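Two complexes, one shared chain (subunit A), two partners (subunit B, subunit C).
Take a look at the complex of A and B:
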């Protein structure tokens, strides 16, 4: 049992990171009933924006660029944590505008459009940042090894897990305790009624998509130092995210969280016994869960079934 | 938008003319392909993908079941073909039969799991199963050769009535693929216009109502999935011969998405010929656009997005509407249905 402890810890961290990715995904599915296959690409985009910001790539030789590079890495990193997701949010909003003609049609069209968008964003990344694998710098204060109960552990993983917990809690607070959250949840429940009450539904959708995309970008910046940054990282990421929301039940906040931790633990523990097959465990988990509960753990009936 | 049922498929002219054109184009392809600056191998590739796309459209366009993991069955067909050559006997018919049966078996198992699901859950489960197969093919090193795949798959000679034809040249292999393509077109045509095909279309239009009409809907969905997987397996067997290898890449989500894109762009949702047009358009884009710019996939992706937004009925639908506007001004305009698939 004690031998398993680091793997369980690993799995928990992974689960929390998955939850962060799935959060934006589930928000968009809940409100818009669109499976956003470009979510992973927005994730990658956020990370690439942060990469450019940290390296000062955009400012070139200008005075501002020189001043920017003189700032400490911590300052630049914190700035990237805000600006990267904001830029991803703008990309997400542009995608939402493209999605508008598909509203009211079969959910297939949203799926197809975002699949095309994923392809396009991936190609844009290849054009803008090259095809090779890159590294996102992180400040030294959150990098390096740390000793936990006799095990050597990466400090950054603790930072990432902690950050995920804070971010998830913040999103929960936003959804549960603010009027905006109430409108979003109402939009997920009955969008017609929300419109009838005088809220601008198209603005709501734009904002929710932007918010979801920002969460994807944020997850990208946090996750990429662990996973590495490649143009096709988007596809690698969107798959676990959508598995999680299907297992958890489409549109359910707690479902996504529980499912993410289940998937993380499954991957972590399988990794202990058969490293090569770790990723497979999440598909098996999905097939088992959906085989018994067709709407996932906490899912309700939704328009996506038609 | 118009749907499959809006384009009359039974009229004599519309049916046989495209088939004759296609047969003529295929039989002369080795002469005109080099003449317009293309190469023989492209013909094989296009024929294989057309078989795959036509089989896929039985599921996607006719039954309205959106599989996003169909590349897996092409891959299984390719692996089965290769494994048969390497472990059983070097035989064309044996290999192709193995490919079709293996893909059909995999389709039968997966189909049994997913045929009770509807809508987006169906699509999501097909993604998950597709990923399972893709992942297995990468990790099962002893059988599939891991990420490199099976290499050195031979092109066994074609034996027919005691005669033997070598298929080593691309032209010979092209004629084999073209033969199977025409057979696929005829079979598919027969199938979609049979009572079975009608039931599939009924399921697409309204699954609940089809069930109320007394059809055991899930059996039809299962059968459609298996048949379409078998055609994918046939395409996979030919693919293994063309590439002389089988590798996991064809089973990835990317490839499975490409087939969906091809079929939709071509107009598989509204026409029997949609997949054929879509495959041609894709390969023209790849080879012509790809010759001009390295970023052709970006442009293809953007064209796809524009198509989904503005013209989801695809190329075939556009041709159909244009034809109507030119020829049949007296006829009633096609009713644009916002089809809830």
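Take a look at the complex of A and C:
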């Protein structure tokens, strides 16, 4: 049992990271009922924006550029945590404008459009930042090893897990405790009624998509110091994110969080004792959960079940 | 009412016409000679990955091939014929590799196929190539099975394989770091074959495998495996992890500060997999077949030529993957020239047993194409992170610590497992 403890801790950490990845995805699916296959590309885009900002690539040899690079890495990193997601949000909003003709049509149109957008964004990244491996700097204070109960862990991973908790809590607060959150939730429940009450539904959808894209970009900035940064890094994101929202129940905030932790524990423990099954364990978990409860752990009951 | 009248005379006539046509065209794969003309360009199908785990290596591989093709065309082509190429993405997926090979041969009429990094993809392509008798150069995939149980008369393997690299490293590492080893193995053909070779050598030299952890392809988080390494406390960890998996793996080992202890042996380190990574990610000892700063004649000119041809490429210097792509393509075109014909059997014979001088290949020892396995037997280098690395010369990441002559690292097991098809079993045609 003592042998298992470090792997349980590792699984929980992994789960929190998975939750951060799935957060934006579940928001867009839950509110807009669009499976955004470009989520991974927005994840990558956020990280690349942060890379450019941290390295001062946009400012060139200007006086501002020189001043910017004189700032500490901590300051630039914090700035990147805001600017990267904001730019990803703009890209997300542009994507939402393209999606509008598909609303009310078969879901396949939205799927195809976001799939195409994923390819386009990936190519834009290749053209803009090159095809090779890049390295997103992180402040030394959150980098390096840390000793916990005789085991070496990554300090950065603990930071990332802690950051995930803060981000998840902030999103929950926004959705539950602000009037904007109430409108978003109402829009998900009955969009026609929201429109009848005088709210601009188009604007609401634009904001939600932008918010989801910002969360994807934020997850990218947090995750790439662990995964590495390359143009197709986003491919690694969509499948776990999709699995998590299906296990948790589509549209359920807490479902996504619980499912992410379950997936993290499954992958973390299997990875240590039966490595070949580590990836498969996610799918097995999906089969078990959906087999017993087709709408996922916290999914809403469908009208057909009444 | 319509009535069809089939007369005996009509039936006989149709049968005769059909037989005549079949005799002329026959099974297409055996009779493509009728389509070949001496002024027809030689067409090479480039089967490299442009997406998936080995997209980056595939691009480097392709650049090497293109430089060799352009050089030959600048000299007037081969046997007076221009060399043309076509590329289709094999996506680092074996099924795509099969499909691409089939299309390149039957629809694009490629006479030769070149390129691979992933062993599963290489194996899939080579099966299709053998079916049609098309010569296929596996430029960069290094599973021992490629020139072992999966060898083919039409396939030539240009990279050093997992056994070659293990032979160069295992015995010395047991002496230096101890007998207790852990293996981290990518869960696909190259990883398994490399681990198998390492296990055999450990058994031979008195080492012990404490545990083998299989790493599924596409793994991005290695913390479970790295915690397990800490629990087991091995003297050496031998890692056969490739492509993007390896980049993430290296990054995470460096973050944990585990690069110095335990000792790490990494089978082969492809240049595109490490280029651009911070130097502390380059821990342990690893194998390669070539480095751009080898102190040998011709290397500097080769690097310059690369930089002139690809001035905008992010990878400012060529690495082993580019080198293999270039050398393989150049030797194929030379073999056509030597054979005096683009007949596939004649070219195969020109390649089999062909010796290449160390000077010509810019390596420390002479190389040759093994006639019994079709693998290029060549110098194997062991390298580590450059201890004199500086920010002024970010490209100079490796420090070559040893070079081993090919006969000292021969993969004898592959030679025993390889059963090449006979010339007669291989469909013949003029490309």
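Throughout what follows, the second predicted complex is superposed on the first by the 299 of 306 C-alpha atoms of A that agree within 3 Å, B and C clash if a C-alpha of one lies under 4 Å from a C-alpha of the other, contacts with A are read in each partner's own complex, and residues count from 1 in each chain.
We take it that a residue touches a chain if its C-beta (ideal position, glycine included) is under 8 Å from a C-beta of that chain, and two chains touch if they have at least 3 such contacts.
Keep in mind it's a predicted model, so treat the numbers as computed, not measured.
Asker: Sticking to the clash and touch definitions up top, decide whether subunit B and subunit C on subunit A clash or fit.
Answerer: Clash.
Asker: Please work out whether A:227 is in contact with subunit B alone, subunit C alone, both, or neither, and reply first, second, both or neither.
Answerer: In the superposition, A:227 contacts subunit C only.
Asker: Scan A:152 for contacts with subunit B and subunit C and give back first, second, both or neither.
Answerer: Only subunit C; A:152 stays clear of subunit B.
Asker: Check whether A:7 is in contact with subunit B, with subunit C, with both or with neither, and answer first, second, both or neither.
Answerer: After superposition on chain A, A:7 lies in contact with subunit C alone.
Asker: Looking at the overlay, what does A:134 touch: subunit B (first), subunit C (second), both, or neither?
Answerer: The answer is second: A:134 touches subunit C but not subunit B.
Asker: When the two structures are overlaid on chain A, which partner does A:276 contact: first (subunit B), second (subunit C), both, or neither?
Answerer: So A:276 meets both subunit B and subunit C here.
Asker: Looking at the overlay, does A:268 come into contact with subunit B only (first), subunit C only (second), both, or neither?
Answerer: Once the two structures are laid over each other on A, A:268 reaches subunit C alone.
Asker: Could you say whether A:143 touches subunit B, subunit C, both of them, or neither, answering first, second, both or neither?
Answerer: In the superposition, A:143 contacts subunit C only.
Asker: Under the contact rule defined above, give the subunit A residues that sit at the interface with subunit B and also at the interface with subunit C.
Answerer: In subunit A, positions 276, 279-280 sit in both the subunit B and subunit C interfaces.
Asker: Across the complex, what residues on subunit A touch subunit B?
Answerer: Listed in rising order, the residues are 35, 98, 101-102, 104-109, 111-113, 115-117, 119-120, 123-124, 126-127, 235, 239, 242-243, 246, 250, 276-277, 279-280, 283-284, 286-287, 290-291, 294-295, 304-306.
Asker: Could you pull out which subunit C residues touch subunit A in their complex?
Answerer: Counting only subunit C, the residues touching subunit A are 51-52, 55-56, 59, 187, 213-216, 218-221, 223-225, 227-228, 230-231, 244, 247-248, 251-252, 255-258, 272-278, 314-315.
Asker: Looking at the complex, which residues from subunit B come into contact with subunit A?
Answerer: Going through subunit B, the ones touching subunit A are 66, 68, 113, 116-121, 123-125, 127-129, 131-132, 135-136, 139, 253-254, 257, 260-261, 264, 295, 297-298, 300-302, 304-305, 308-310, 312, 338-341.
Asker: Tell me, which parts of subunit A touch subunit C in their complex?
Answerer: Interface residues on subunit A, with respect to subunit C: 3, 6-7, 10, 13-14, 17, 130-135, 143-145, 151-157, 225-228, 230, 232, 236, 267-273, 275-276, 278-280.
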